[in-house]
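I am attaching a structure below and will ask some questions about it afterwards.
Chain IDs A, B, C, D and E follow the sequence of writing; residue 1 opens each chain.
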C-alpha cells in the first residue's frame, strides 16, 4: 500500500512535469520548420500525393529501413529465443474446437483481407495507408487463419523467402539510389522522369516498389511472429 | 674399566633401556628419554637420542695442582672465598639459613651462598640423601668447576643414620661422591657447620682438599656405584 | 701531553677505578651487613673472589659468543672509562681526561649499552633460559630508565649548550651552588631517581634476582669468565657513578673528591635498596614512567619557553 | 573510399540475406557475419586512417537525395570514424570469441548480433535525432535478444529487466524528441543546435527528456540495476561487447546530443557522472561475483567519462586526449576481462585462483587491471594525469577528490580480485579449457593496450624513448621467462650494471640523486646476486623486479613531474608483484597496493596543485608552488609517506615485507622505502629548505617521524615473526629519517641522510641474512629457530654486525646517525620529539637482541641439526654490504663530508667542522675512526687475555647447563623466545593498542556497510528498477528544471 | 473556449494515457499487465506525437479533394504537419516490436518459473 502511495506521488510529480510541458503548448495555426517544405514541395519532389508516405519512404526512408530492421530483429530474436526447430512447424497441437462461425467467416474473409492489404500498400503513396499498414492487414489475415485453425501449416519457407528477398531488395534499392540517384534510398532511381505522374499508381519513383517490399516484409515478419507464438505453445 | 668398555656399557645401557621400554615398565623410562625422529626442513629424517646427543660425552679429567707458591696463594684464596651452592638436599638444610644471620654470620669467613653450581665451589649435602636426590646431587656436583668441595652434614651421610636400612635412602655417601668434611650429629647445629667450614679452609690451605681430582681419577668406580644404587639410571653419564 | 704519558695516566686511572670499584663494592656489602647487625665480609673479599674465580681448574665454554660475552662486558666497562673525563684539572687535555676528546655525552650514553649487548649475546649462547629471562628484564628496565635519563641529559646539554662532559663539568666549577643539582633541579632529580635503575640495586635488581633466576645473565658463567665480569661490574659501577657525578654533582677536581662523590652516589642506590624489596619488571618499568619521566619532561620543558 | 553507408548496407544486406542462405549451414552464416563485420571494420578503419594520417575532412552522407534537414544525414568525422572503428573492432573480436555461442543459437542469433553492431554504428553517425532513436531501439532490442545467448532463468530475467528499462527510457526519449520537433520544427541535430532549443520557452523540458534518456542509456547510478543484471546475466563474450561497443556508442551519442542541451547541462552531466563513478565503484567493493563486479566497474568508468564530458569546455583541447585515454583503456581492458571471465567460468572471485594454472592468463589479467586503474604505460595513466592536472588548474578540487576516491574504490575491488587470482587456494579447483578462438581476442586487446599506451605517451613528456628502454628490458625478461634462474639473473644484473654505467654521466655532480640512484642500483644488483640461490625458472620474478627498478630509476632521472609520477607508478606496480609473490602475502599485497594507490593519488593531486600557474611540468615547479602551497606540500608529503610507512599509513608494511620472499624483503625494505624518502626530500627542498615558511608542516612531520619511530620500534619488540620484526623495525628507522629531514637544518638532514645510507646497508644485511636463514629452516617464527650459530656462524656474524650497527652502539656506523641526531635536536630545540626518538632507539635494543638471541643463540632445535650455512649467493652480497658498513664505521668522513657539502646547498648554516676524522659540532665532537680504534684495541687486549686464560676450556653441549640438578628435556622448552618481553608488554600494552589498524578497519567497515546497505537498492525486481529510473528522472527534473 | 481545442485535448489525453500507463507499469505485479501498461504508455506517446502535429483547422496531409476543400490554394497552408504522422508510424512499429519481444519473454519466463509475478525473477540482484 505504502508502495502504491509512493508510486502515486511519483505519478503526480510526473504529471506536474507533463503539465509544465503542456502549459507551454499552443495549438499551431500554421506549419513551421521542415514541414512547410514538405507540404509545399513534397508532392512535387517525390510525386506522392500522400505526404506522409513521401516522408516515410523518401525523406525519412532511412528510418523506415530501421523500422523494418526492428521487425526483422524481433522476429529473429523470437525465433532463436523460442527455440523453434523446423519440425515444430509441422507438428500439430491439441486445441479447443474452433467455432464453425469463425472457420466459415475466415474462409470468406481471408482472401479479401489479403487483397485489401495488398491494395493498401500498393496505393500507399496515393491514399492513406502504406507498407506497414498493408503488411499489418495481411498479418491480420494470417492471424485469422491461425485462430480459425490452430494447426494450419503456414509454409515458413515461403515466409522466410519473402522476408529475405524483400529485405535484401529494399537494401539493394537503397544502394541503387546511391548509384543512380542522389543518395542512399533516393527513390529517383528511375531518373527524374521516373517520378511519373501525380495521382497514378505507378508513379512517385520507387515508392510503390519500396512500399510493396515493405508491405511484404512487414506482413511476412508479423505472420512469422504470430506463427512462432502459436507454434511455441506446444512447448509451453 | 677402560673407556671402551664404558662406551660399550653406555650403549648396552641404552639398548637395555629401549628393550625395557618395549617389554616392561620396570625401569620407569620416561617417554621423553626415548629415541625420537624429527623431520628436518629439507624433509630428511633426523634421529634424536635424548640421552646422548645433547650432552658432552667426555669424562672429567684430573687437574693437577700447580704446586709451589702460586698454588699456596691460590689455595689461600680458595679457602677465603668459599662459595656454597644453596641446595638443600635433605632434612639438615634448615640448619644452613641461620648461617647468614647476625648470630652466626658466615660472611666474615669468606663463605657465601651462590645460586648456581657453576659459580660455587662448596656443596653441602645435608642429612639423609634419597636415591632420587642423589641423581641431582651427582649432576650438580659434576657441573661445579674444580676445585670443589663437599661438606656432608649430619650422621645420615656417614652411615645412613636412622635410615640405614631404608630402601630409598643411601646409607654411605662417600661411595657415590667424594666428601671432604663430615660434620657429625643429628642434626649438627650451625656452629658445627661453621666449624666444618673452618676445617675445610684448613684442609684447602694445606692442599689436602683435592677430592675433585680423586673423583675424576676413580670416576668409573664412582659411576658404577652410583648406577648400582640408582635403578632407573636415565641420565647422561657425564655431566658438564 | 704526549700519547704515552696519556696512556700511562689512563692505565693508572683504570687501576684506581677498578680497585675502587672492588673496594666500594665490599664497603657497600659491609654497610649492608652492619645494617643487618652482621659483621659482613672482609674488605679484601672482592679481590680474593677475583683470584679464586680466575684460578678455577676446569673451565667450560658453550661456544664462541659465550666466550666473547665477558670480553664485550669488560670492553664496555673499560671503554666507558676511556671516554669519560675523570678528574677536572682545568684543561681538557689534562692527565685524567682519558680519551674523552674522541666523543661526548652521546658516546657515553650509547657505549653504555655495549657491554650489556655483548653480555646479552654471550649469555644467550649458553642456552640457559634464566639468562635470557634476565636479559629481557634488563633490556626492558634499561629502556624505562633511559627515557628519563635521556631527558635529563638533554636538559643538561641544553642548559650548558654542549654535549661535552668536560665542558659540563667545567661549567659547574666554582662552588656548590653551580652544580646542576641546584641550577637545574628537575634534571638532577630525574637523574637521581633514574640512576637507581641504572645502577641496578634493589628494588631494581630483578635482572640478577638470585634464587629466582639464578643471577640471570651470568648464571652459566664460571671461573675466569666470572672474574672478568666481576672486574667489569666493579668498573661499570664506578663509571656510572662518575657519569652522574660529572653531570649533576659538579665533577671532581681530585681523585679523592671523585672517590667521595662516587661513593655517596653509589651509596644512595644501596641505601634505597636496603629499604625496598624487589619490584616485578612491569612495576619497575611503570615506576620509571611516572615520577622520573615527569621530572625529565619538566626538565626539558622549562628550556622550551 | 567506401562510403560509410555501406556499413549499414552490408550489415542489413547480409542480415536479410541470411534468411535465405541459412540452408548452407551455421558455419557458413557465421562466416558471412564475420566477413560482414570485417568489412564494416575495414570501412571505419579506412576513414579513421584517412582522418588520422591524411587530411581528410569530415564528410556528410545524405540519404534520399535530399539535403538535411529534410532528409536524414550521417556524418563521418574523425571521432565518428574512431568510434565506429572501436565498435566494429570490438564486434569483430566479440564475434570471433562468441562464434560457437552464436552458432549454437542458430543463424538468427548471428543476424541479431550483426544488426546490433549496425545499430550502434548508425547511432554514432546519424545526425538526425529521430533516426538516432530508431537505431537506439534497434541496438536495444538486439541486446535484449542477445542476452539470451546464455541459457537459464538468470539471463532471461536480466533480459526482461533490460527491456522494461529501455522501454521506459525510450518512451521519455520519444516524448523529448517530439517536443523538440514541436519547438524547433526540425529533427536534424545541427538544426536543433542552431535553433537553441533550450533557450526556447518550454524547450528546456524537451531537452531534459532527451538528455535524461540518453544519460540513462549510460546506466547512471543508482538507476542502473538493469545494466548490472545485463553484465552479469549475459554471455561473457557479449558482456564484453556491450561494455566495449555499446557503452562507447552511447557515450558518443551523449557527447553528440549534449550540443543541443547547451553548456548549462554540462555541470549536471559531470555531477551525474561523478555520482555514478563514485557510487558504482563503492558498491563494487562488496561484490563477490566477478561478472557483476566488472559490470559495476564498467558503469563507473562510463561515469568518469561522463564527468569528463561535462568538463569539456574547461578541459578544452585536452578533452579528446583524456577521453581517448580513458575510453580506450576501458574499452580494451574491460572487454579483455569479460572475455577472460568467460574462459575461466568462475562466478565467485575466489574461484579465480584457478587462473594460475595457466600463468599467461595472469599476465593478461594483470595487464587489464593495471590498465583500468590507470597505471603506466597504459593510456589511462596519461589521461588521468592530464585530467587531474587540468581540473586542478581550473580550481575544481572537489571533482578531483571525487575522481580519485572513485578510482581508489575501483582499485580496492580489482586488486582484491587480482589477489585471489594470484594467491588464492587453487588446488581443489578444476582447470579450465582454452579455445583458440576465445583467447585470440584477449591477446589482441592486451597487445593493443600496450601499443596504445606507447602512442598515448608520444603526446607527453614521457614519450622519450629513454623511458621505454627499461620497460623494453622488462619485456625482454618476460619473453625469456622460460629460462633457468641463473641465466635470467645474469641478464638482469648485466642489464642493471649497463644501465647504471649508462646513466652515471647524467647524474654526476648531483650528489642527492647519486646517493639514491646508488642505493637503488647497487642495492638492486646486490639483492639480485642473492637470486642465484634459487633454482628452477622462478617464473615471473625478473620482469617485475626489473619493473620496480625501472620505476625507481625513473624517479631519480625524472626531469618533469609527469616522468616522476610515471616512474612512481611503475615502481608501485613492480613492487606490488614482488610483494605478492610471498606465500601468504595476499592481504598484505592488497593493502600495500591500496595504500600505494592512495598515496599516488595524493601525489597526483599535489603535483596538480603545483602545476597551477606554471607553464611547464619541469620538476622544479614544486620548488615554487603558487596556489595553496600548504595543501600541495601536505599532499605531496602524505603521498610519499605512504611509501615510507609513516605511522597511520604503515599497516601494509609488516605483512608485505614479512611475507615477501627472502631476497625480495631487502629489495622492498632497504631499497624501495628510500623512494618515499627521496620524495620527501624533494618536497622539503621544494618547501624552500632553509627559508621555508611552512614550519607548521615541518613541525607536524617531525612529530610524525618521532611517533613512527616509537611505534615501529615498540611493535617490533612484540613480534614473533623474524621478518615482521625487521619490517616493523624498518618503520621505526624510516621514522628516524623523516624526523631528521623534518628538522630542516643542516644537521638534521645530515642525520637523516646518514640514516638513509645506514638503513640501506644494515637492513639489507639483516633482511638478506634472515631471509636466507628462513630459506634454510623453513619457518619465519623465531621461536621455532634457535641455536643456529652452531650451524651458520657466518650468518650469525652478519646479523650481529647488523644489529650493532642498527642499535647505534659505537663503534659501528649506527652511532653516526645518533650523534648527529642529538646535535640536530639540540640545535633545533625539538627536545620532546628528540627524547621520543631516543627512547625508540633504546627500544630497538630489545627487538635486536631478541632477533639474534632467538634465532642464533639459545637452544638449537632438533630438526635444525643438519641445516647448512646460508647460501653463498646470499653471503656474497651480505658481506659486501658489511664491508660497506665497516668502511662507513671506520671512515665516516668519507661519506659524511660529501653529504655535508651536498646538504650545504640547501642549508648552508650549522655545518659540521671536520678536523681530520673528527667531526666537531656546536655542541660536541666525535671521532669515528679514533673511537673505533680505541674500542678495537681494548677489545682485542681483553679478548687475547681471556683466550690465554681459558685455553683449556671444555666445549660442552647444548643441554650441559645448570638446571637445578636436572636436565632439560627438549630444546623447545628451554628456549626463551615466545612472548619474551612479557613484562614490558604488561607495562606498555597501552602503547601497543592497534589504533591505526582499528581506524582503517573502521573505515573499511563503514565503506563496506555503506556499499552493503546501498546495494540492497538493487533488489532484483524489474519493477523496482523501473521505479528507480522514474525516480531518477523526476529528481533530476526537480533539480535541473526546478519546481 | 479558445483554449480548449482539439490539439490541447488530444495532448491532454496523450499525457493522461502516459500516466495511466506508468501507473500500470509501476504497480502491477503481473508481467502481462505490465506489458499492457506499456502498450497504454506507447499509445499515449503516439497520441502525443500526432497531436503535436496538429494545426488548427487543417486537414490530413494527402493532396486530394479534402485538401482543396479547405479553401487554401497553397497546399502547405491547408494540411496538418505530416512529419509527426510519419514519425508515429515508425514509433508504432517499434512499439509493436518491443511488445512482441516482451510477450515472448513473458512466455519464456512463465515456462521457467510457472509464474508471472515480476518480483519472482530476482535471481540477479545486489
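Throughout what follows, a residue touches a chain if its C-beta (ideal position, glycine included) is under 8 Å from a C-beta of that chain, and two chains touch if they have at least 3 such contacts.
Quick caveat: nothing in here was measured; it's all calculated off a predicted structure.
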Output for shared partners of subunit A and subunit D reads E
At minimum, the number of touching-chain hops separating subunit C from subunit D is 1
Most remote chain w.r.t. Subunit A, using mean C-alpha positions, is B
In terms of mean CA position, the chain most removed from subunit D is B
Most central chain, judged by mean Cα position vs. mean of all protein Cα atoms, is D
If you tally C-beta contacts across A-E and across D-E, the winner is A-E
So, in whole Å, the Cα centroid of subunit A is separated from that of subunit B by 116
Subunit A to subunit C, mean C-alpha position gap in Å, rounds to 106
Dist(centroid_CA(subunit C), centroid_CA(subunit E)) in Å evaluates to 100
Averaging C-alpha coordinates per chain, one finds the centres of subunit B and subunit C separated by a number of Å equal to 37
The positions of subunit A in contact with two or more other chains are 7, 10, 14, 21, 25, 32, 34-36, 38, 59-60, 63, 66-67, 70, 73-74, 77, 81
Residues of subunit C that touch two or more other chains sit at 58-60, 214, 219-220, 223
Shared-interface residues of subunit D (touching two or more other chains) are 130, 134, 137, 141, 144-145, 179, 181-182, 187, 954-956, 958-960, 962, 1027, 1030
Chain pairs that touch, by label, are A-D, A-E, B-C, B-D, C-D, D-E
Seen from subunit A, its contact residues with subunit E in the complex are 3-4, 7-8, 10-11, 14-15, 18-19, 21-22, 25, 27-32, 34-36, 38-40, 42-43, 49-52, 54-56, 59-60, 63-64, 66-67, 70-71, 73-74, 77-78, 81-82, 126-128, 130, 132, 218, 222, 225, 229, 232, 235-236
In the complex, the residues of subunit B that touch subunit D are 32, 36, 38-42, 44, 46, 48, 50, 53-56, 58, 87, 116-118, 135-137, 139-140, 143, 235-236, 239-240
Within the complex, subunit B is touched by subunit D residues 776-779, 862-867, 954-960, 962, 964-971
As the complex stands, subunit A meets subunit D at residues 7, 10, 13-14, 16-17, 20-21, 23-25, 32-38, 45, 58-63, 65-67, 69-70, 72-74, 76-77, 79-81, 160-161, 163-165, 167-168, 170-172, 174-175, 177-178, 181-188
Within the complex, subunit C is touched by subunit B residues 60-61, 63, 73-74, 77-78, 80-81, 83, 86, 100-102, 105, 107-108, 110, 112, 114-116, 118-119, 121, 145-147, 212, 240
